[in-house]
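The following pair of complexes shares a single chain, subunit A, combined with subunit B in the former and subunit C in the latter.
What follows is the complex of A and B.
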């Protein structure tokens, strides 16, 4: 068991989060100045986006999911949700959609500043059924054109994507190139795309090494709560040298933590696998409910929504840039069928030597949360893996009750403590 | 000097307390409405238990607090969740218990336990209080009846009314609507109990129903709910006048053993 660590040492080995924060701030700054700089803003989704192709045309991507979660993290969700509900959105509608739509209404200033309107709307239609309607709404609000890429769902996925599916998506990306030329007034530069894809591939490789550090016992980082910070650059800065530098820095930091036996909690009493989107308005409190028990997450699914980096399902290839982007896009987490998602969690439990699984289900996102009851049943009943399912929302604080959440989590750790004591006696 | 061990369960509606002696024998139980001042309620109920049993404060070696207000039990030594406590309490009263259904004022829990009364798995209703004791409370209020009467009255039903809603907020409206249709009181109340029972059974199935099933919490004293659950499940439930004290009994058991208290 690692010895107690002095606070200054922790801070010294916790610089990557600050670096990520700085990168995010300068990204938000670039977004807010786009009107002055004349940079084209391309709205895009976190899952299955062709960001490398957009970067080739110097389009700055804006991910409403990322802006909304950051607004929510900084306590700014309620006024935006209320604004959207005032114009007729249901309380049950996705919180991201409501916040995204409200954040570009006239004179709206969010907790992260003004959100620029889109010049182009990139609709990568994968997994989430709401995407298409959300982007249509933006189109009605702003008149920006929608460029749609239909991504086939992996219904009968057995770890092999049919070639015709990759060709289908790659064909749509190729068709989009002349439209991008017309929209930006810039000629397509294949060498530039190849270089961006090469840098993107490098970042993915480094990120993969980082997430797999969770296999160490004790893990040097929390593969869920800390990864929520670490996962951002792979989405908004992918394809840049800055992004590669960030993951290099992170990997070195995690290796150093491992060498010194330092982690995010005093000790590692429990190893958890985490499934689901976090609760952003109460993120640190929510984390505290687990870290209080010296529990560390060793693997999780959500930080890989930008790409299932540790499954060997895709690999960016600068020699085949369009095809490899297409292959990446098909492998979005919510584009996977439920049995494959379930077995990924099962594999994490085994490979990362986890004690238990925690599932956080969110009210307003059914594409992520559907089937989580079945995942719980399978893990608990078929595999005898202690599994807790708790529910709130990713952005809407109205769905969170701390007393109820704490009660369930406390009871879960009481059960895990008994189980642990028994296994030590036996 | 005999040593005693106390469990205090600060629930959303009632606060319960009990004392066990060093042989794990139940000495006494007390309860009262929780009200708005949880700290005062827990002190009052605990003091009542002491005086009822004729036990001095210094004779109590260890106190475990449980229930939603467990952190307000300032005189307690430690806290354990009511999930673990109800499991232990149910096992204390009925040692062959393998499944527990705890129905309280604002939540319902289905708990699977092992032969030692330890929690193996559990499921609870989400933030929404639909399908909990609160729905019965709302219906009772709409009908101007006491909470202790509604179960008995529902047993007289001959032509049950089907009520599909379980939302605690709309309980009064739903009940009044049924009255407006000209339905009889007992038939409406049967429908109320039946709809809550079917929702709880959904929770039970999620953890898996293994006999014996013990019904705990305040609502376990309601004969109408016991009947509906037994009819729908097709098995007999364990209940007793003491099942509403299962949380406090389990807490006192933990106080006695201190095993979990040390572990956490």
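What follows is the complex of A and C.
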């Protein structure tokens, strides 16, 4: 197995990941102490959460997607999945739902500790229909109330959002304010919201600059495998100064890497665009299958689930906090329709000068994966972009076959090498 | 004789609704009108109808087409209705439709809408986002505007304007269809021995393809004849089938359930056609149509409504229809059905109502194992 991070940058220019890890630990710590501190826990989704509004009322968001992926990354998914399947959940259900439900069953201790139960379930229905069903499971399991924000899907194939969508989402956000006042016993403070929105906007701007560093040739970072670490604070810490500081630090680190011409692999032989959710239980092994070929990912869609930061679709504006949050909520990656998603990948290939596209399709998630075959058909057949589609799961190790995965990836790089040689000769 | 002739027209229309859509082709030839295919579960058929467009449900090919082309574009872990509908879109069976429309029932159908658009570039393909925050004061206005958006697209397609009077007339026609279908539902509940599932299904399914006026006319006669009919009840258990609201189970599977000792007194097949109930036609009919959707507090697995308590709903429901047991019949890979199963089953455990969980695919054809399971289930209830 080759080293994932090239020697010269190992310590000095790879500090942001550790910083993110520390932030995550203190966030988990705050969650685990919520029982003592009396802080209200609001379960939220990664896609389209109005975290700015929650933070205004000092509600601590818990993202079962983030806790589950971290449990999974540490090898802790199988016992939770088994526990859920034992009570009747299907093998065909999303692994996140199963892990989430099992993680708050009596006496369950996960690989990241005890997970507190929800006080409120914030259902931001954007990008995933299973969100509804998942929250309903929790609702009947714990009795916690569901606070809903219904976010219409992007239906237009030219990315136009009708006015009534924004009015509807903004209207619901307004309606939620008195509910939050009642649930927390706190008065709404508009200035506080504006300040949080301002900080949130700053973090988004910096994160955008970071992801666009992938345009450099060579790219100073892996826009899929490293972004998995970098993308977390924009969800769980957004709206805080800490979050802004993190992205400033990351941007500086990436700029330094670029200046010194170093990156996550020894060289950059291939530039890839990635689509799909990663494979958390085998994350590093999976990464190794690509870095082995000195392949770097230059752009990817998954880090945009929290918000399509690089498409100019939304901008948080402290002068219009509610409307701009509403706009943001519409533009979660999976809330975009398939042709628009496909064209985004096409644009990435062009703008980031990529050699190929890799699609990692996961069994659990139809929201992401249904139709990925069509993306491949379009890229490979209509645009002649080499495209590899591999399947496993984001949390369930039963769907990962190391040998098969390696064979597919090896064969793909063989084709890419041939293609490269041919184009050099030409 | 009379009964037979319209029964056979139901059967013929139902038969056409899988892969050939001859009824639609004939209607188009005769009227010169356009046709719109809609994917289940609920779709406001009144909108196209009032513009003279024939709305037709796309309930899958039930094994009538190979799924090879579709599978390459979708994902392996998806239900069969999405693949059979997509296969038909790719290989031309759906060419008879001038437009196709989907809604937010699940992520699979949602993404299906997009890949259908990408593959049928020139066709009108749309997607309705039906609201889920139905106790928000903004929900009805939102849906009203959404219906206006879709109406505008349909107006463009057909080249004429939607008229309020016409829309009210369409709503009345569909109200009548819903009323008659519900009458049939109730008849089946009280005297399930009057018609078997195959007959019931062909009557319901033909409603998804026949022009509504013609269908209502036939159904009226059918229901009154059936109500006057007499037949002998058999010693069978009364089961409520839950979970088949979108992808349709093979008819053979339903027959196996009946033959194994059950009366199917309730099922969710083609539920969307009658779920909405009666819609007010006074005032602004478009707004009323939106309001009827938003305010309907009957659960539908593919829709969330903040005011619905699914646990008390299922407990009351099985009690009211005097069910002896429940069969959860869920399409393979249909997550919405699988999650509601979890909620419902916990209540059934509490109220000690027996249940059985079975899975199917559109093209399943071997049911021996299922027969044994259902027989055991029925016997355990009968001899309890």
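Some observations on this one:
Quick note on the criterion: the second predicted complex is superposed on the first by the 417 of 426 C-alpha atoms of A that agree within 3 Å, B and C clash if a C-alpha of one lies under 4 Å from a C-alpha of the other, contacts with A are read in each partner's own complex, and residues count from 1 in each chain.
As a working rule, contacts are C-beta pairs under 8 Å (C-beta built on N, C-alpha and C of every residue); 3 or more make two chains touch, one makes a residue touch a chain.
Owing to the predicted nature of the structure, the values given are computational and were not obtained by experimental measurement.
When the shared chain is aligned, no partner comes close enough to touch A:350: not subunit B, not subunit C.
Residue contacts after overlaying the shared chain place A:136 against subunit C, while subunit B stays out of touching range. By the touch criterion stated above, A:149 is placed in contact with subunit C alone, subunit B being left untouched.
After overlaying the two complexes on the shared chain, residue contacts for A:33 are found with neither subunit B nor subunit C. A simple residue count on subunit A separates subunit B from subunit C, and the partner touching more is C. In the superposition on chain A, A:401 makes contact with subunit B only, while subunit C stays out of contact range.
Judged by the touch definition given at the top, the superposed model places A:109 against neither subunit B nor subunit C. By the document's definition of touching, both partners, subunit B and subunit C, reach A:391.
Of the two partner chains placed by the overlay, only subunit C lies in contact with A:167; subunit B stays clear of it. With both structures placed on the common chain, the touch criterion links A:179 to neither subunit B nor subunit C. Overlaid on A, the two complexes show subunit B and subunit C touching the same residues of subunit A, namely 373, 377, 391.
Residue ranges of subunit A in contact with subunit C, taken from their complex: 87-90, 92-94, 97, 123, 125, 128-130, 132-134, 136-137, 140, 146, 148-150, 152-153, 155, 157, 162, 164-165, 167-168, 171-172, 175, 334, 337-342, 361, 363, 365-367, 369-374, 377-378, 391. Across the interface of their complex, subunit B is touched by residues 293, 373, 376-377, 380-381, 386-387, 389, 391-392, 399-401, 403-404, 407-408, 410-411, 413-415, 417-418, 420-421 of subunit A. Interface residues of subunit C facing subunit A in the complex, by the touch rule stated above, are 71-78, 82, 104-108, 110-115, 117-119, 126-129, 131-133, 136-139, 141-142, 145-146, 149, 302, 304, 306, 310-311, 332-333, 335-336, 338-343, 345-346.
For subunit B in complex with subunit A, the touching residues are 68, 80-84, 107, 118-124, 126-127, 206, 208, 259-260, 263-264.
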